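Shared between the two complexes below is subunit A, which pairs with subunit B and subunit C, respectively.
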Partner chain A sequence: MAHSNKRVPMNHVIGFILSLAMTLVAAWAAIGSDLPVRWVIIGIMILALLQAGVQLFMFMHVTEAESGNGHVPWNMMFHGFALAGIIVAGSLFTMSFGFDHNHGGDGGEQQHEQQHEQQDHSGH
Partner chain B sequence: MHITDILVTGEPIIYGAMVSMALVGIALLFLLTYFKKWGWLWREWLTTVDHKKIGVMYILSALLMLFRGGVDAMMMRVQLAFPDLGFLNSQHYNEIFTTHGTIMIIFMAMPFLIGLMNIIVPLQIGARDFAFPYLNALSFWSFFFGMALFNISFVIGGSPEAGWTSYTPLSGAAMSPGPGQNFYLMGLQLSGIGTLATGINLMVTILKMRAPGMKLFHMPIFTWSTLVTCFIIVFAFPILTVALALLTIDRIFGAQFFTLTGEGLPMMWANLFWMWGHPEVYIVILPAFGIFSEIIATFAKKRLFGYHAMVWSMIIIALLSFLVWVHHFFTMGAGAFVNSVFSISTMLIAVPTGVKIFNWLATLYKSKIEFTVPMLWSLAFIPSFILGGVTGVMLGMAAADYQFHNSYFLIAHFHYVLIAGTVFACFAGLVFWYPKMFGHKMNERLGKWAFWLFFFGFHVCFFPQYFLGLDGMPRRLFITNVVEWLPLNVISTVGAFGMGLGFIVFVYNVYYSFRYSERETTGDSWNGNGRTLEWATTTPVPYYNFATVPYVDEIDPYVRMKEEGKTTYEESKVKPIHMPSYTGQPFIMMAFLGLASFGLVFEWMYVAVFGLLGGIIMMIRRSFDYDDGYYVPVDEIKRTEKKARGL
Partner chain C sequence: MAAEELKTGPLEYRTQEGQMGIMGFWIFLGAEVVLFSTLFATYAVLFGRTADAPLPSELFEPGIVLVMTFLLLTSSFTCGLAIHEMRRGSVKGLTIWMAITLALGLGFLGFEIFEFVHYAHEGATIQSSAFWSSFFILAGTHGLHVTLGIGWAILLLIQIKQRGLTNVTSRKFFIISLYWHFLDVIWIFIFTSVYLIGMVI
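Presenting the complex of A and B:
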């Protein structure tokens, strides 16, 4: 903190411009482009991975050497991945019931059954 | 646009509130001008980066919010005890329970605890400030403007009215048009920035700035609870940020994440909300556990029993807190298997919590207890919290939850854990560390009055609500003139007013103690019972905290220091101290972002863009800010220490 050098941090400037550019491209892909939905999704996924790479290597400290407590960035990233796993797997586990994108298919019938059951209960 | 288009009109109570707010505002402006305090306000408070002053501002804001949330609670209780009086209409009732919940959790409990952490944690670990003092000021001002934004909603634009959980689709644009729900989204988003930044800031401070020799397992238990809480904050708050952003985009820009149409998933909001919301309740209870542990050890005059078990149980609670969120919506109907999994993980949390309870009891066992006011709050916490915990396990049984869900049984449960846990801890911690903050203790006699009034009021208020719940009274209900419920509701209201009275006595005690309390002469205020480093500092604490940082290689280092007749101050080792400069930038930056949020609430895009641009310009300024702080010269340190220690 005592010796901050005042030269322009080129690495950060390039990273900043890159991340802005990728965000704009992603927004264009979703709003402005005529690409099929599948390709839009794949494109955004790839851009997201690149974006994470820019953040980790140009701004965060992934390239930092190990310190006394192990490699701190990797430790924190491990926790981050674990949590992301919980969020995604947990949401799929709890939220994927009674859904079917085939409208009027099984999902509808299930709903119908549920309603039927409820009626049974109220009959007691 | 005319002013009456955005002001809330037609409610006598709100007109009254407007008038009183205007009067208080005018009185404040007048007093500041009359006593020529504007410069003082700016130099000493608005631009401060001192962790102790920021902590005091957090606590003052939290007390103000406790008042606001408490008034909301009283109004609800009046309506429920006298349903035929027509005190509130249904719309107003909805607004009040929404703001009551949101304010108490986000703008009262968290800032109160963060305020205590701000003041105490650096003192406990022998640090001179936070790792990032500028960021700390930024956190406070983002919380402050978020709080201000949320609180003006009831006079300008209308309050949010979809419950503090803001469930979609009710809170979506289709069913809650107007700015009300936007206030909730933007207020929480803005203050959430501050909470997240504080989490990172305190985590780095604790990991990197401990006194030489102090290993993690030498840290005071309150610092440990803060560290664990910071991990929960850092991992849980981004989920809320994303959920709020998605709902904001839904409402303001017409997306379909949580809507009923366009393949939106309304229940996904509940899922994301509680993925943050359950860790959130541990964010407000773990520091409370830490405070009670400190107080119980101090006044039992013993080392905390099972220190290691206490730490590990907090870590396990933190891990489990991310694995139980579905128990808030068992009735969604995800199926028996999903509910069973979360039912079991929920009950598992009772195990480490039970370990903590037994450790507190074992600390008290065969000790010579001193019944001071903070100790009374801590002793009252144990049985009261157990009542809340046991009913929590009852609610955690998925099958039984279908009966308890959204009834007053649930209301009683979470008030038992949040009030007996968090609010008791806030009062206890404030009274306990009050001499460190202000140089005098709070009056014990008035403190006991406040305690007993609040304690009895609390039980009289919430114990009957378990039975109201079992009698089938649902939460958030406006019409309650059902004959069977009326007597218990009246009793409950009496209790609520008892708590209100306790709060008034507490606040009066602040004034009374300021006028009449003896000034502290030593730093070790509680009859020399202090065990940790914060009591080794002088009172008032010098702005650099420690002239020389002591070497620490044990738990409760101050006990041994006192036995050996040592202090933390070694005159021969004084070196110039590097301190951060005060700056007004955090205040200005967050004022701009507050303006941007206000613009988004009313969907005035020009205002929003202007505020965001202002915020970005302030961030750019910060990026090219080369102020490295200043050094306190040795002479000045020696002079200050001499005066404080009476050498």
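Presenting the complex of A and C:
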């Protein structure tokens, strides 16, 4: 480890500053900006992935030579995150895609109206 | 096997036992990612199903969540510094930075408990709706991991006081540093997909 004799590890400092900056940008995009909601969500999710990358590569020593150049950590994290993406996207696709969750608002009333119509029909 | 000891490189990687232990922990972290993904999926599916309880946009406040995020981000940074000090051979540096890390982690936990109590007072408990159940399970599981991590690190600090820096103790500290950074990775996703998106929608 050539850099382990340094008093201050620069990659840690850079990683820390980067993650602080990305957190602030994400918070501003969500709270302070007038961007469309869709773009805010896409943007802050990308920022979250980048920040996870900062943690893994700058803090968690993923790529150092002693861990076999990061072969195992990289495999574990790649497959873990790939599975996570499949589970979250798949759940949303099967459970929520094309289905309105707002039962409290218009959706509920429409259902009521439909039921009323059906009752009217059966009454006739 | 364990008798074959390298003379160079970080202490925690010098024995095969150390290398295998670290590899095993990476496998565990991969499994943890999948565990949390099921909780995130549950939360995403139940999003909006608040029943009669308050909406997340009414309760989530940017201030306290940003403070929690900065506490955990900084603790991840100081944890990295602790491992840096360990690799320079400094038990004192390791202990000091690890203690700072734990103090920041305790601060994070304090804010999270305060936040949960506040939500409960506003009428959002784990029983009040499907949405709030999934929220408390997701954030609570992360909080439980932080609590376990703090307990674990305190035990390791006692151990390093007794045994000093060896192949074994440095491997244990390296592994808990991976765990602590990993908790920060999970929190980034909770911060983004729960709190920020909850405030946007």
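Side notes on the structure shown:
Throughout what follows, the second predicted complex is superposed on the first by the 68 of 124 C-alpha atoms of A that agree within 3 Å, B and C clash if a C-alpha of one lies under 4 Å from a C-alpha of the other, contacts with A are read in each partner's own complex, and residues count from 1 in each chain.
Definition applied: a residue touches a chain if its C-beta (ideal position, glycine included) is under 8 Å from a C-beta of that chain, and two chains touch if they have at least 3 such contacts.
Since this is a predicted model, take the numbers as computed values, not measurements.
Shared-chain residue A:93: touches subunit B; no touch with subunit C.
Touch counts on subunit A: comparing subunit C and subunit B, the chain ahead is C.
By the document's definition of touching, of the two partners only subunit C reaches A:81; subunit B does not. When both complexes are overlaid on chain A, the residue A:73 reaches subunit C alone and has no touch with subunit B. In the overlay built on the shared chain, the residue A:51 is in contact with subunit C alone; subunit B does not reach it. Contacts of A:59 after superposition: subunit C is touched, whereas subunit B is not reached. With both structures placed on the common chain, the touch criterion links A:40 to subunit C but leaves subunit B unconnected. Once both structures are placed on chain A, subunit A residues 1, 4, 79-80, 83, 87, 90-91, 95, 101 are touched by subunit B and, in the other complex, by subunit C. Per the touch definition, subunit C reaches subunit A in the complex via residues 9-10, 13, 19, 22-23, 26-27, 29-34, 36-38, 40-42, 44-45, 47-49, 62, 66, 69-70, 73-74, 76-77, 79-81, 83-84, 87-88, 177-178, 181-182, 184-185, 188-189, 191-193, 196-197, 199-201. Subunit B meets subunit A in the complex at residues 231, 235, 239, 263, 265, 267-268, 271-272, 275, 322-323, 325-326, 333-335, 338, 341-342, 578, 626, 628-629. Contacts from subunit A toward subunit C in the complex involve residues 1, 4-5, 9, 12, 15-16, 19-20, 23, 26-27, 30-31, 37, 40-41, 44-45, 47-48, 51-52, 55-56, 58-61, 66-67, 72-73, 76-77, 79-81, 83-85, 87-88, 90-92, 95-96, 101-103. The part of subunit A that touches subunit B in the complex is made up of residues 1-2, 4, 6, 79-80, 83, 86-87, 90-91, 93-95, 97-98, 101, 114.
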